[in-house]
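Okay, here's the structure, questions in a sec.
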Amino acid sequence: MTTTSQDDARAARRPIRLFRNPMAKIASIPMILTALVVFVGGTAWTVVYSFTDSRLLPRLNFVGLDQYERLWSTRRWLISIENLAIYGICSLILTLLIGFTLAAMLDRKIRGEAVFRSIFLYPFALSFVVTGLAWQWILNPDFGLQEVVRRMGWEGFTFDPLNNPDIVMFGLLIAGLWQGTGLIMCIMLAGLRGIDEDIWKAAKVDGIGTVKTYVRIIIPMMRPVFITALVLIASGIIKLYDLVVAQTNGGPGIASEVPAKYVINYMFRAQNLGQGFAASTMMLVSVIIILVPWAYLEFGGKKRD
Amino acid sequence: AELEVTHWWTSGGEAAAVAEFADAFNGQTEHTWVDGAIAGSGGTARPIIISRIIGGDPMGATQLNHGRQAEELIEAGLLTDLTDVAEAQNWREVINPPSLLDACTYEGRIYCAPVNIHSAQWIWLSHGAFDAAGLEVPSDWNEFVAAAPTLMENGIVPLAMGQQGWQQNLAFGTITIAVAGIDAWREVSVNRNAEVAAGPEYTAVFEAVADARELARDSNVQDWNLATNMVITGQAGAQIMGDWAQGEFQIAGQVAGEDYTCLPGLGLNEIIDTGGDAFYFPVVEDAEVQAAQLELAELLVSPEVQVSFNLAKGSLPVRGDIDLSTANDCMQKGLEILAAGNVLPSGDMNLSADTQTQIEDLMAEFWSSDLPAAEAQARYVDIIASAD
Amino acid sequence: MSSVSIRNLDLSFGAVDVLKNLNLEIAEGEFLVLLGSSGCGKSTLLNCIAGLIDVSGGQIHISGRNVTWEEPSDRGIGMVFQSYALYPQMTVEGNLSFGLKNQRMPKDQIAQRVARAAEILQIEPLLKRKPGALSGGQRQRVAIGRALVREADVFLFDEPLSNLDAKLRTDLRVELKALHKQLKNTMIYVTHDQVEAMTLADRIAIMRDGKIQQLDTPSVIYGKPRNKYVADFIGSPSMNFFEGDLSAEAGSCVFEGPDFTLPLTSYEFETPQIGRRKAWLGLRPEHIVTGEAAAAADLSADTIVDIVEPMGSDTLVWVNFGGKPIRVRTDGQSDLEPGDTLRIGLQSARASIFDHQSEDRL
Amino acid sequence: MTDQSVIEPSGSKPSKRFSRGNIILYGTLIVVSMYYLLPLYVMIVTSLKGMPEIRLGNVFAPPIEITFEPWVRAWAEACTGINCDGLSRGFWNSVNILIPSVVLSIAIASVNGYALAHWKFKGSETFFTILIIGAFIPYQTMLYPIVILLREIGLMGDLAGLVLVHTVFGMPILTLLFRNYFTSIPEELFKAARVDGAGFWGIYFRIMLPMALPIFVVAIILQVTGIWNDFLFGVIYTKPETYPMTVQLNNIVNSVQGVKEYNVNMAATLLTGLVPLIIYFISGKLFVRGIAAGAVKG
Amino acid sequence: MSSVSIRNLDLSFGAVDVLKNLNLEIAEGEFLVLLGSSGCGKSTLLNCIAGLIDVSGGQIHISGRNVTWEEPSDRGIGMVFQSYALYPQMTVEGNLSFGLKNQRMPKDQIAQRVARAAEILQIEPLLKRKPGALSGGQRQRVAIGRALVREADVFLFDEPLSNLDAKLRTDLRVELKALHKQLKNTMIYVTHDQVEAMTLADRIAIMRDGKIQQLDTPSVIYGKPRNKYVADFIGSPSMNFFEGDLSAEAGSCVFEGPDFTLPLTSYEFETPQIGRRKAWLGLRPEHIVTGEAAAAADLSADTIVDIVEPMGSDTLVWVNFGGKPIRVRTDGQSDLEPGDTLRIGLQSARASIFDHQSEDRL
């Protein structure tokens, strides 16, 4: 054969980068479009219109920060934020706690694991609307839990969270946890299954008790799992809306209002789009505040793989 | 053509009333009524309706509270101009009070068909409850307040109140007109005079509302008709609710004057407002649907349909020229007031939805907390001052 | 007195019997290696000794105490795992001291023990690092350290070196041997690497299917495997086997292979043999001599070279003999080529003969 | 020392089944299970009672007289507005919406995940990050932009539009799951297929898809749940004839006629939840496996 | 003409340069082994040749064609992976034919090729099974078969045997060698097992940090390592090193170690040496002689035995010499004990000497 270095110069030409593996890029177009048009575009649109005085229909009449000023001087918004904070913190902690505890119990090689797992998971199949209704019903003071306990003899028993502004968020929490802990349990269970059994053995030889092993060794090892769970829970909390509407509709009074509901109400009922957009922009900002550290932890820390 | 009609009339009385429309439409025209009921009041339905209209895929007709809600849709050219139908049917003449049509008018053109008159300023009293407590049925708010302690002693909730902002706001409005009187009300609600809102008349109003709040302490239902049901069954002494409550009494087979009593203006100030529902017809391209829209608009205001519909719904017809002798006691009272011209324009037509939402939020909070009357008033004054 | 004594141990997972009536006596200070193919129950046995699996029957004594039902931490054992099983979020120091802290040992005593273990294992500079920042060998050292600080009577190792690369494995193996010499603890070491077994063990227990096949010193196991399984298992490259007949007459024994006959002049039988029986002859590649030595052997033959595998220090030559290719080890300087003729010599003294049926050594 | 064979075990032999730890463990699990089962129990029990019995007041009491009337009513008779044919009307609509939406959203997300795992290109991670942030945006705030978008591409009011919306909002989480899952498939397999001359789609269909069952189960479960339970998009992007079951459910539950017919509401609620529930119960184990592969690594 | 020719290959992942201006010519039919420690870039190089990673610079020619930017499937290569990378959902037959089907080869031709590969690899009975139902060795055979059916000019192996156990590895190694003899394809084989490298390779390329340190036949690499890294890397147990001075005068050279002096009478220098310089002396354990031979060596000394590691076929003895423990290989029958005295002999002919600074062979 001939020498190779010259006549194969054609084959040796470096192809243009953009056209290498074209199928992969074509196949990613839906994703790229979604990311750019829907998420970036939609978000930008929302942010832009939050600086206008749009009412029923979006219109570009800029009013600066007026909407934000009003937003932050509205009691209902402040209460919404406060409620979300209470609900969010409690829900985050309790979901992780309960989810992990249940997973840990199921991980102890018990009989009937599949049955218990299905029981804990099935509420996740039900929508928040259904969840809200079911719990509204159970917590109904006239024929729900409270009444049943009273009939059993504790006349003074009072548990009426849905009509008590001070604890209504906990009424929501009961329902929210019921619906959401199953999935987290599943994730935790999957995480626990991924832990090297030798770690358990090592801890046992070291004479470390079960609880202590979980707290000091297993949980710190499950950081990535906790982060996944955290993201899921947090994204659910921010979106909290359906449950509130179904269970309390913000009541009693405005005691269980949440930001997403504020957004909807101002966009559609009060017909003040600008105000709704300003509120949703604030929600977005808080999402980003949450996400940036997470992204940093997830991607910034380990550049290796 | 099939005409999709969106509305949020899903309670018993309401549904029966809508059926009257649908039957008439199906019976008297070539077209078919496709029912697009969405339960959960305007809050749920409105985003859907508006999204579909601005998304370019509108329904054939839709219920909206008339007033300022639709203005922007009209401006954007999304709603059908009904002026031709209105002129042909002579709506200007027959519709009473004329303010109803004014609310449908934008720059001289008519964009909606009013279907009923609702007034909010009523209190409904349960004969059963007062009998049980051994009391006379009160004839005005003050007597009612005086009777309340006895009711409570008998385990009866004096005032039924659904725990929703709009119901609480409605009670507030009703008490305002009864207690503060029409002039003060007009200054505040129409002219947005914050000084009056801060004045003594309104102080009295807020105190009265605070009293009412105490009377409604033990009422923990959510929906308005569940509250009405408390009155029907005698669990509660009274409810402040609009005239649509009557539909519920009717369905329950109760007779005005025998089983229950209705007092317009709380028996203090016999003035009612003239809000109401109206149908709008989004602009569509299909010519057949367009025709159907116009026919429906015509039908909605036609005398027979007005009678059957309003009898079912318990509201007042929008026409002054029809005979409602079959109407019951309460409706007759309303008609008399209407005939006497003791009407106010509805808040829908005065304050923007935005401002109303804020007031609702305030009321929701006020009714379900121990917020002092003075503080609530102060916040009310702020809202009025910044209303647009 | 034996340090670890296992008596009639039974263990089953559900319906699967993994260990069957197993007996094992390990002397104090002995380095015992459990060797066996994957799945034969080595780890299971170790876990039973550690108390990490509840036995189904039998007893375990450690240092004269019956510990069959004691907690792992009370048995006076330390354990080192193949995957290290270090606590990833703790520093090396934390890893070493965690167990002690848990026993509420005074701080200064902990510090002292950790310091001593770190010194022995030469990991002082690593004490503040986390396991993630250590190399494989360093991690394994820390894992050993964790057993060390417990001052356990018995050390249990479950394939501690098999995750490491060859070079490191050699180094750590030597260190481990030195450590044993220094500490003189009883050590039980699981592996399936025979070089490790041969070099480390005082005695080796060869396991198969939950039973111990042979328990002996490395040289006995290598030189006089009790059965064909052990013979085949031990030694790399592995033993060459020939199927044939053993015919023993008074005073003279011969093995009749496929196309050769080997007089067993200097073979030591376990029990005296009479008559004729089917048998296996086993010969290790390094016990087949070549060159001048071949002539002096009990049997010598010319063979054709098939494959030559130079391995640096020595060369493995595959030659055709007895109807099949057999392995012969020659020295590293060999310049044989496939096709060459090689004279090989078989010596009965170093051969092994097994019964054809029972496969036990004759 | 003494003869060792007589030394008694110094630890106590644990009694296997009824140890204290086990009693506590199972006890806790059973109590917690009751909390999880309570609403289901209440819903079922209530749906089998007549209204008079419900008014008696004890939600937890089993029905004295079992009646299936509420179920019949919920399925075929309950009224919303003037239509009195219960949920049955919405069921097939929901199915019609569900199937294309689930299929399309999973198809697109799995291809995305596959491309992100094995065919990274410049910027692909950036788009992915945007997508993930998108998972946090409340749907409602995107309502208007989506409406405008659909109007512009002419899909407003079309079933295709609704399918598109479900695809878009399902994309972030699904893509994440698929990406993580495909990343966990050994790269060597992918390389082997490339050497074997398979292209982007060849590898996807012939190699990756057949291995992705667990994650598909997870994706299907999530999407079926999400889409079946969706109310907002379903009502905005459809017409009354094609309203999904959830709209019917909302109407039944929120149209209060006289008294709330709790039994009918409960029956309707249960009927609506039946499809996802069934899927959950039949796929339990695969779900955990899929979660393990898709959500935990990554 | 060379079958695979790599010219000035550069490759970097982001900021990390993994391969740096690498050149490699592989002759047709040659069996080249890439040997190097973990992370040195062996797999990366192989992936570049296969076209699975886009190179940053340089050219790759296969069979005279510049394939730098061609698709992997068009390069005429077959590749075998450590983890087998069999398609789990396809039968063995499906695995073998997948690549051919992708080329739209006619059915009967596919069947023929699959049959032939199956015959060569003796996996005919397995054709209908799925990979999950195969043993490790069988899987690896199928993986090789997949390269075989492609009738590739060049076979690329990325540590194909390292997931197998020692015994199987030996067997497959031999088979692979036989296969190469039969097929005569060019084979590029990545491993970090030196026994594999030594036995299989026609030539070995020792890599370190993305650079080739030495490319030579196994015996040269073993006997005359080009630098200290190669010397240390190759050989197990590894070479003993001594730090010291090389002083060369006309006609006579000596290496002055810590407490010994070795006359380099028969050492072959790469370049003639003059003067004195710091240097390393390397001696393989098997090149240190004992017993009678020690007396005849260039230098002999009495040493104290430190550790004895019997390895069956031979014994590794650690003795103290030159101020530190060194490894000496003796035969398997050794009965030395720690503490014994052993006379050892050092021979300059087989030693290696490296410059202290550059670590290159002198």
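Chains: A, B, C, D and E, in written order; residue numbering restarts at 1 for each.
Rule of thumb we're sticking to: a contact is a pair of C-beta atoms (placed from the backbone, for glycine too) under 8 Å apart; a residue touches a chain by one contact, two chains touch by 3 or more.
The shown structure was predicted, so the numbers you read here are calculated from the model rather than taken from an experiment.
Q: Moving only to chains each one touches, count the minimum steps from subunit A until you reach subunit D.
A: When the steps are counted carefully, the minimum from subunit A to subunit D is 1.
Q: Using the contact definition given at the top, which chains are in touch with both subunit B and subunit D?
A: Shared contacts of subunit B and subunit D: A.
Q: If you tally contacting C-beta pairs, which comes out ahead, A-B or D-E? Let me know.
A: Comparing D-E with A-B, the pair joined by more C-beta contacts is A-B.
Q: Overlay subunit C and subunit E by their C-alpha atoms and let me know the rotation angle in degrees, rounded to the nearest 5.
A: Here the rotation carrying subunit C onto subunit E measures out at 180 degrees.
Q: Please report how many Å separate the Cα centroid of subunit A from that of subunit E, as a whole number.
A: Result: the chain centres lie 53 Å from each other.
Q: Take the average of all CA coordinates in subunit C, do the same for subunit E, and state the distance between these two points in whole angstrom.
A: 26
Q: Where the centres are mean C-alpha positions, what is the separation of subunit B from subunit C, in Å?
A: Computed value for the inter-centroid distance: 92 Å.
Q: Could you list which residues of subunit B touch at least two other chains?
A: 47, 54
Q: In subunit D, which residues are in touch with two or more of the other chains?
A: 143-144, 148, 250, 253
Q: Which residues belonging to subunit C are in contact with no fewer than two other chains?
A: Expected reply: 71, 74.
Q: Touching residues of subunit C toward subunit E in the complex: what are they?
A: 37-38, 165-167, 170, 173-174, 177-178, 181, 192-195, 198-199, 218-219, 222, 234-238, 284-286, 307, 309-314, 316, 318, 329, 332
Q: Which bits of subunit B are touching subunit A when the two form their complex?
A: Residues in contact with subunit A: 42-43, 46-47, 50, 54, 69, 71-73, 75-76, 163-165, 220, 222, 352-354, 356-358, 361, 364-369, 379.
Q: Quick one: in the complex, what on subunit A touches subunit D?
A: Counting only subunit A, the residues touching subunit D are 17, 21, 23-25, 27-28, 30-32, 34-43, 45-46, 58, 102, 105-106, 108, 110, 114, 116-131, 133-135, 137-138, 140, 142-145, 147-148, 151, 178, 182, 186-187, 189-191, 193-194, 224-225, 228, 231, 234-235, 238-239, 241-242, 260, 263-264, 267, 273, 276-277, 280, 283-284, 287-288, 290-291, 295.
Q: Can you list the residues on subunit C that touch subunit A in the complex?
A: So the residues of subunit C in touch with subunit A come to 47, 50-52, 71-74, 77-79, 81-89, 98-99, 102-103, 146, 150, 158.
Q: Under the touch definition given earlier, write down the residues of subunit A that touch subunit C in their complex.
A: Contact set of subunit A toward subunit C: 196, 198-199, 201-202, 204-208, 212, 216-217, 220-221.
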